[in-house]
Every structure is written in structure tokens, then in C-alpha cells.
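Each of the next two complexes has subunit A plus one more chain, namely subunit B in the first and subunit C in the second.
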Partner chain A sequence: MEIKRVVFVGAVMLAASTLALAGPDPRPAGGTISGKVSYEGTPAKMKPIDMSKEPSCAKMYTTPPIAESVVTGPGNVLADVVVYISAGAPDDAAPSTAAVFTQKGCRYIPHVLAFQVNQELKIVNEDQTSHNIHPLPKLNREWNKSQPPGTPPIIEKYDKAEFIPVKCNVHPWMHGNFAVMKNSHYAITGDNGTFTLPNLPPGKYTVTAWQESYGDQSQDVTISGGETKSITFTFKAKPY
Partner chain B sequence: MMWAWRGTMGKFFAVVLVIIAVASAYPIVMHHYPLPEDISTHGHLIDEQLNETMIEAGVAFVGAQLVLAFFLWSFTGRKPGSPLKTFPGGAKGLVVFAFVIVGIEVLALGVMGQKAWASVYFTPASADAVQVQAQAEQFAFYFRYPGPDGKFGGIHPEKIDEGNQNYFGLDPENDVAARDDIVSGELVVPVNKEIHLMLHGKDVGHSFYVRELRLQQDFMPGLDLSLHFTATKVGKYEIVCTQLCGLGHYNMKGYLNVMSQADYDAWLKQQSQ
Partner chain C sequence: MRNITTLKLCLSVASALILPFGAFGQGEQPPAAKPASHMESHIGNLTGHSEQGRELYFRYCWGCHGPHGDGNGENAPYLNILPRNFVAATFKCRSTPTGTLPTDEDLFNSVKRGFNFTNMPSWLALTDQERANLVAFIKTYSPRWVTEKAGTPITVPTEPKLTIESIKHGGELFQKLECWKCHGQEGRGDGPSASTLTDSNDQPIRPYNFTSDNRSKCGRTNQDLYKIFMTGLDGTPMPSFADVVKPEDAWDLVHYLRTLQYNNPSPELTLWESTPEGKAIVAAKQVKETSTGSGIKP
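On to the complex of A and B.
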């Protein structure tokens, strides 16, 4: 009798766990990792950009624009930092919308553009002068393309995840970055230095923050349900 | 039919030659192609040299065409069998004569013009000239001033970072002399003061050319070349790259901004902040 009961309970448990494993995870994918990226120390003073060689762009500014390698916000926060899940999440298929990178006033807008592997990248020239956009990847294929004013956007895509600096062959001060992501869990901090990564199923994740001058930092975060976990990244600023 | 009026075509051609020679010399003589404004202390030497060359070449050109027309007119349509005159000494004499005549002309121009060349290239800049370094890269000019400490910082190619505006590869963190260096996209100079321009090529061949200064010099990668000039008139003048350097060469230019001494000092002070 005892053995039969044990066997019966064991069989029920086996069946239940098998059922549980067989179908999709019934727990909600609603976990969030949010937080802030700050710096300590004194960041280098960003210099104004001298566009005198391109008068058609220089005249668009009343005061010369400032270089954007390090963008800070009130409260010692860093903007333009890419925060993303670097481990623990599966790769995602690329969305159908294009990521748009604009050349305007002889600058790249936005300074850092994050998009996914195989997502369409659309490069637009809104200036009265020709540009020659030249991304500098190490893993992906390198190319550069001329884009005179009034010509259609350049359509490209990247098939490997990478951080790619972007320059213009005609205007040496133009500088931007592409952040090619493997999954859809990424954010770029704004002027308040904050980021939010929602819709995370339970699991153990590695969150990485990347800033073009200061490099990257990673932290491990575990999500067990629908909670919001808050983390901060602090970069050491370089005075030069 | 033409052979009946012996020499008609020859004489007609001689007339046409004279017309072409005179018509092409006319716009030059009447100064329909004026030189650009001269704002440099050595500019007049270059302009004189240009004018002397033009006069010499012009006289030789028109003279040669007129002599050719004369011979054509005189000797066309001569009766078959009439004796030919030859140049004294034959073909060899002709070659020697041409060699000597042209040689004298070229040597004369060279001797007369050597002062223009020497004043720019064989005399060094004076010790109290304003020092400016000019760097040519694909596809812009950048200029560096030593700043209040009067010393240029070192150039470290591995530190060049265009996106961060470090075009020269300065290392202000470790190199104190580099901390106050002023880097500008415009060549700003005071008027009536000698400028010592040190040319440094960053990548490929470029050339610095300001036509109003009558100054042109190629950048040679690996060489640091020296130029000096004194600008005599306030204003903004175009610097163009005149050596094909790649796909952006058409757009490679900068501006020379000649200011009064007071404006220049104010500009320096503002850049140092």
C-alpha cells in the first residue's frame, strides 16, 4: 500500500512537471531593469566645433555647436550611454521599421543610434552640401558612400552586433556611433541619465552600459517575476 | 582652279595668321585678364615676374607669327624650278640658332626672377614672426597657435581623434606645453606682421594656396616645410587645396582672416578660454 502511494504521488508529480515544461512559461514577462548612469570626477571640457571650411553649415548656428563625445546632464549624469542586455536574453528578429540617421547642420543626429542586427538603417542628408558617410566597423563589412544634397536616403544593414564609430570623409569634425544590438532590450540615456529596460521574462541577465569615451561596464541582475530592479552605473570621468 | 592664281592660298593663309596673332595678343595687352588683388609684401615681385614673362613670350609669339606670315607671303606661289634660299648653316645652323635664342630667353627670365623666388624660399622667417603651424588633412586645413606659453605641444599620431577634435594628436594630459595650444579651422593673422607658417602634412599630398598672397606650397608627407609672408590688407581670403588629395579635394578649403593687431589679440584671448 505504501509503495503504491509513493509511486502514485511520484507519477502525479512527474506528470505535472512534464506538463509544466511542455508548454510556454505561464509566468508574466513583465520584469523591468531601470536606473541611472552617472560619472565621478571631472569630464573633459567639450570644445566648440569650427565649421569655417563649410559656410553652408556654419551659418546655421548662432553660436558654434559643442562636440558630443561626452554629454553630461544635471546631477553628474551621462547622456548618450547605451544600456543593453548583453547576456541572458535570446536574440530577437529585427523590427520592420527603419532606424534613421540624419546629417543636418554638418552633424549626425542622433549622435548615438541603436538598432538591431539586420534592421534597416536609413541615412538621410538634409544639408546643402555633399557628405560621405564612413562607418568604421571591425566585424561588419566596411563601406563609405557619397550622398549629394537632394539624393535619396542610403539604405544599409549590419549582420553582426558591434559598436561602430561613424565619420564623414568630407567633414572631419562629424562623428557619431552605431550600436548594433542582438536583441530588443536596449535603451539610450537622455539628459537625465536614466534608462528603462521593460518586458523582461524571469531570468539572470547581464546589463552592460557603453559610453564612447569611457568604455563599458556590466552588472548581473536577476528577475524573478514582474518586479522592477534598479541599478546604477558610475563611470570615471577623464579630464582630457 | 586655285593653281591659276599662283600663291593665292598661301597669301590668304599669311593674312589669316597675322589676324589670329594680333587678335589673341589684343586681350592680354589690353589687360582684360587682371591679376587678383595683391595683399602681400612679396606679391609685387611675383607680379613683375609674371608680366615680364608675358611680355617676353608675347613679343616672341607675335614676332614669330609675323615672320612666318612674311615668309609665307613672299615665297608662296614661286615658279617651279626657281632657286630656294636656305638658312645659313643649313638644318644644323637652324637648330643651334633656335637653341641659343630660346635658351637666352629662358635664362633671362630665370635670372630676373630669382629674386622673387629667393625672397620667399631662401630667406628664413625673422625671429619675431608670428608662429603658426598649418596641417593639411583629408579634407580640411587646421591651424595651431602655441598659446600663451609660446610653445607648441608635441604631435602624437596615435592620439589623433577627429571626433573629439584632436586633429593634431596632442596629449594635454601628459604634455604641459600642449594644454594651451589653440587649434582653429581658420588661419587668423595680424595685418602687417610677418607670419611664419610651418606646413605639416597629416596624410597625403595637399597644397596651400592663397592667390592674393601670391603664395603656393605643396605639403609633402614626412617633411615639415617653412613659409613666411606678411599680409598688408585686412580681409577674408580663400585658402584652397591645389593638389589632388582624394574624393573631397573639390571641397577642401579654408579661410585666411587678416585682422588688425587689436582684433587679433582679442581673438587669441577668446580662443584661450
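On to the complex of A and C.
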């Protein structure tokens, strides 16, 4: 009888916890995947940008800015790398806040903008010159819009996950990237090359790191509870 | 013994079947949508069918556009402006906003009219029904025709009266919208950014030279010109100005652009030259005859 009761109580507890876990997980706590993105080898030297054809932007710089295809930090780390969960997590609904992409000094700020599928993208021109915003997707629709100074922000969104290069045809040195993500688990490394992906329920995840010149790399990580797992990505630098 | 062997066999078969699917289900992109094998086109009262269009395509079109519809026909290596890639389904001459598919009528008109200054000829030699069939057929090359609807055509308001003020205001817009950055101050396609322009396939491309002709890529009429900058030429550096130019201002710009085409008579050019200011500007552009030809502008 005792054993039966224990079994019964155990079964009830199991059922209860299964029910609790069955729906969307309301608990904010979860595991974390964090780490660093580094490079080995010698990256190509980034050249200074010649903005002499656009004096209204050139005058904003005391020294010409350098190109941002590869941004490094102290200790051989890479900045502007998008690190995200590419498998193992369900798709997330888009947040209601807009992701903002600014044209300032004839450059894109930020150089890499990550946001979610169907999240509002707001593009702003803070320069004295006209720009045209020309994202070049392969999966999403390609559009091209002019944005003179003083005109309202351009509001758009993308319905497919993709890494999309962005350019301005008038100012050929302007390059940026949209990283359209399927879920909310993504981060972009800063000058210290580090990233943190928190709030991960237990499961097996594939973490991918993407750099616009070096491509992408993936690793599998399993989270079983509230632990923090640390991983590193190392890209082979290209000399050109 | 037999049971265990059978069990092992079942397990290995099962895992061989399940594991690949498991790997797929780990979150890769779902399979891309496929194009439709049968499509129709609707232009006015005309209905085109892709089955009939196929035969015509492989007679008239595939030499440039390729057997797979991706613009890689055997003639393509010899062409400067490459043939349209129907698989990508990004089209230049539309009545629909940038980033949207053209209407069947846009495609029909493109086939009929051809594309000025390119190797795409006018297909007036075919009948309307044949052209409609071709439009239906090229829609079988891209899944976009299955997953998306064509854009809503923009409204082109009736052209207002042509006045000097309209032309002058158009000139102000040409400066303010910085059209000259690519097209140049005289519209010769020699603006400061002209030499660095690339299309969406990273191929060099030149901006339109207004002084060369009064035809534009997408037609000869003022309405065609209006639609070009109010929808943009998708796939090229030419953006859409629909969000930043009001329709009445757009007409002023059209009137001004016609005065840049100083080699071709037009009501706009005639009116412009009737003013002393306009006459002086146009006269300054024209070739001056000299014995050595040194006064000739490139």
C-alpha cells in the first residue's frame, strides 16, 4: 500500500511538472551560452574611406574613418559578429520595438543591425545629403528607396530570416548588414569580442557565429538547467 | 538469437530513417517554395496560358533568357545589359511600388514595347494572345508568383497643364533630390557617383543619359517617365521616390526632365526655349561648330 501511494504521488508530481513545462515557459531564468569570438592569422588592413565626393560628410571627420568589413579588438577578437541560436529554439514573435538603422556621416550605424522576422525596421537619415537605401536580399524582396535629408524615417520589415547586405548607390563606400533572426536569442559582439545568450530552456542548441567577410561557424551546446556554458569561435582571418 | 538480430535490424533501419530527419528538424530553413508548373496571365480581357507560352519561349526567348529562365542564355555573354533573370523575379519596368511584383499588364507591355537601349526587342511581331501566353509562362520560373501577389499599381494622376513654373520647380527638385549626383547637372549620366554605380549583381551600370534621346528605358511617354522614378527600377541603383515626392511635384519633375532632352523636340522643350533663360541654358548645351571640333562636348 505504501509503495502504491508513493508511486501514485510520484505520478501526480510527474504529471504536474509535465503540465507545467508543457506550455510556454513562464520562468525567466534559464541556461546561458556565452563566450568570445577570436581570429587567428592576420586580417586584411582596413582602408580609410575617401569621402571627398561628398563634402558634407567628409567635413564631419578629422581623420577619415576606416572601412568596417572586419572590425577587430584587443586580444585578437572580432567585433560585429552575430552569434545566434540557429537550431533548437522555436521561432519567436517579433518584439514591438523598432530596430533603428541610422545614416550618419555617410556611414551606417550600427554597421550590423540584428532584428527579428516581421520586426519593424526604422531607417533614419541624419545627414545633409540624400541617401538611397538599397538592401540586397536573395530570399526577401529587394527594394530601393530614396531618403533625402529631412524626410520621415523609412519603415519596413522582412518576413524571412536572412543576412542582407545593405548599400547606398550614391555613396559607394557605404556598406551595412541586416541580420534577420528567427528567434530572440542573438547577440552582436562588441570590441571585446564577447557575447551572451541568456534565458535558454534546457535543450540541445546549435549556436552559429556569422562575420560578413569570414562566413559562419556553428557549434552544438546542450543546456540541462540554469548553468552557463562557455564556448569560443575562432575564425581564420583572410589576408584580403 | 533471431529476435535479437531482427531487433537490431529494426533499430538500425529506424535510426537510419529517423536521424536524417532529426538533423533536418533541428531548425534549418524549411524547403523553399517551388514555382508553379501552370500559370495564367490576365491582361484586360485576355487570358494567357503557360502551356502555350512554353512553346513560344523556347522559340523566341531562350537564346538570351536561357532554358532555365535565369538570364543565362547562350547570347548572354555578349550582352552588356544582361537578360532578365525570371527566377529572381526582380523587374525594372513596373507600375507597382518598389519591392513588389509587377502586374501581368506591366510584363505584357514590356514584351510588347521591348526595352529601349537594350538588346530586348519589341515583340510587336507576336499577337496579343501569344504575348499573354509568354507572360504566363515566365511566371512559372519563380516561386514568388506563388507566394506573393503582384503589387498594387500606383496611381498616375492626369498630367497637369504645362507651365514655365512647373519646369522651374522641376529644376529645383532635380537639385534638391540630388538626381544630379548620378545623372549629372545636365542629365548626361556623368554625375560624381556615376562611375561607381553597380547593379544588384555587382555589375557596373551607367545612369540614364537624358541628352541622348527622348525614349526612356520603360517607354516614350511622360507617364512612363513618371512611373520610373515613382516606382524605381528594381535591381538597379535607381531608387523609388514615391515616399518623398508628391504626385504634383512629380509632374513638375517630368516636365523639367524633358527639357534636358535638348536634342528631341517636345512641348516642354519648346516652352522652355521660349523664355530667355531657358533659351540660354539650352543653347549652352548644344554642339558648337568649330573648324577643329574642339568646341564639341562629349
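The rule is simple: the second predicted complex is superposed on the first by the 211 of 240 C-alpha atoms of A that agree within 3 Å, B and C clash if a C-alpha of one lies under 4 Å from a C-alpha of the other, contacts with A are read in each partner's own complex, and residues count from 1 in each chain.
Simple rule for what comes next: a residue touches a chain if its C-beta (ideal position, glycine included) is under 8 Å from a C-beta of that chain, and two chains touch if they have at least 3 such contacts.
This one's a predicted model, so the numbers in the text were calculated from it and none came from an experiment.
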With everything superposed onto subunit A, say whether subunit B and subunit C fit together or clash. clash
Answer with first, second, both or neither: which of subunit B and subunit C does A:194 touch in the superposed model? neither
Touching partner for A:217 - first (subunit B), second (subunit C), both, neither: neither
Quick check for you: in the superposed arrangement, does A:47 touch first (subunit B), second (subunit C), both or neither? first
Taking the superposition as given, does A:240 touch the first partner, subunit B, the second, subunit C, both, or neither? first
Should A:146 be classified as contacting the first partner (subunit B), the second (subunit C), both, or neither? both
Let me test your reading of the model: by the given contact rule, A:208 touches which partner, first (subunit B), second (subunit C), both or neither? neither
Using the touch definition from the top, say if A:130 reaches subunit B (first), subunit C (second), both or neither. both
Looking at A:69 after the superposition, I want to know if it touches subunit B, subunit C, both of them or none. Which is it: first, second, both, neither? first
Touching A:175, do we find subunit B (first), subunit C (second), both, or neither? first
Would you find which stretch of subunit B runs into subunit C in the superposed arrangement, from 133-141, 151-159, 187-195 or 259-267? 133-141
Both partners, subunit B and subunit C, contact subunit A at residues 53, 129-130, 132, 146, 169-172
Subunit A - residues contacting subunit C, complex: 53, 86-89, 129-130, 132-134, 136, 139, 141-148, 151-152, 154, 161, 169-172, 182, 206
Within their complex, state which residues of subunit C touch subunit A. 26-29, 32, 90, 97-100, 148, 176-178, 181-182, 192-193, 196-198, 200, 232, 234-244
Give every residue of subunit B touching subunit A within the complex, in rising order. 137-141, 162-165, 167, 171-173, 183-186, 246-248, 251-255
Touching subunit B in the complex, subunit A uses residues 47, 49-54, 67, 69, 129-130, 132, 146, 165, 167, 169-173, 175, 213, 238-240
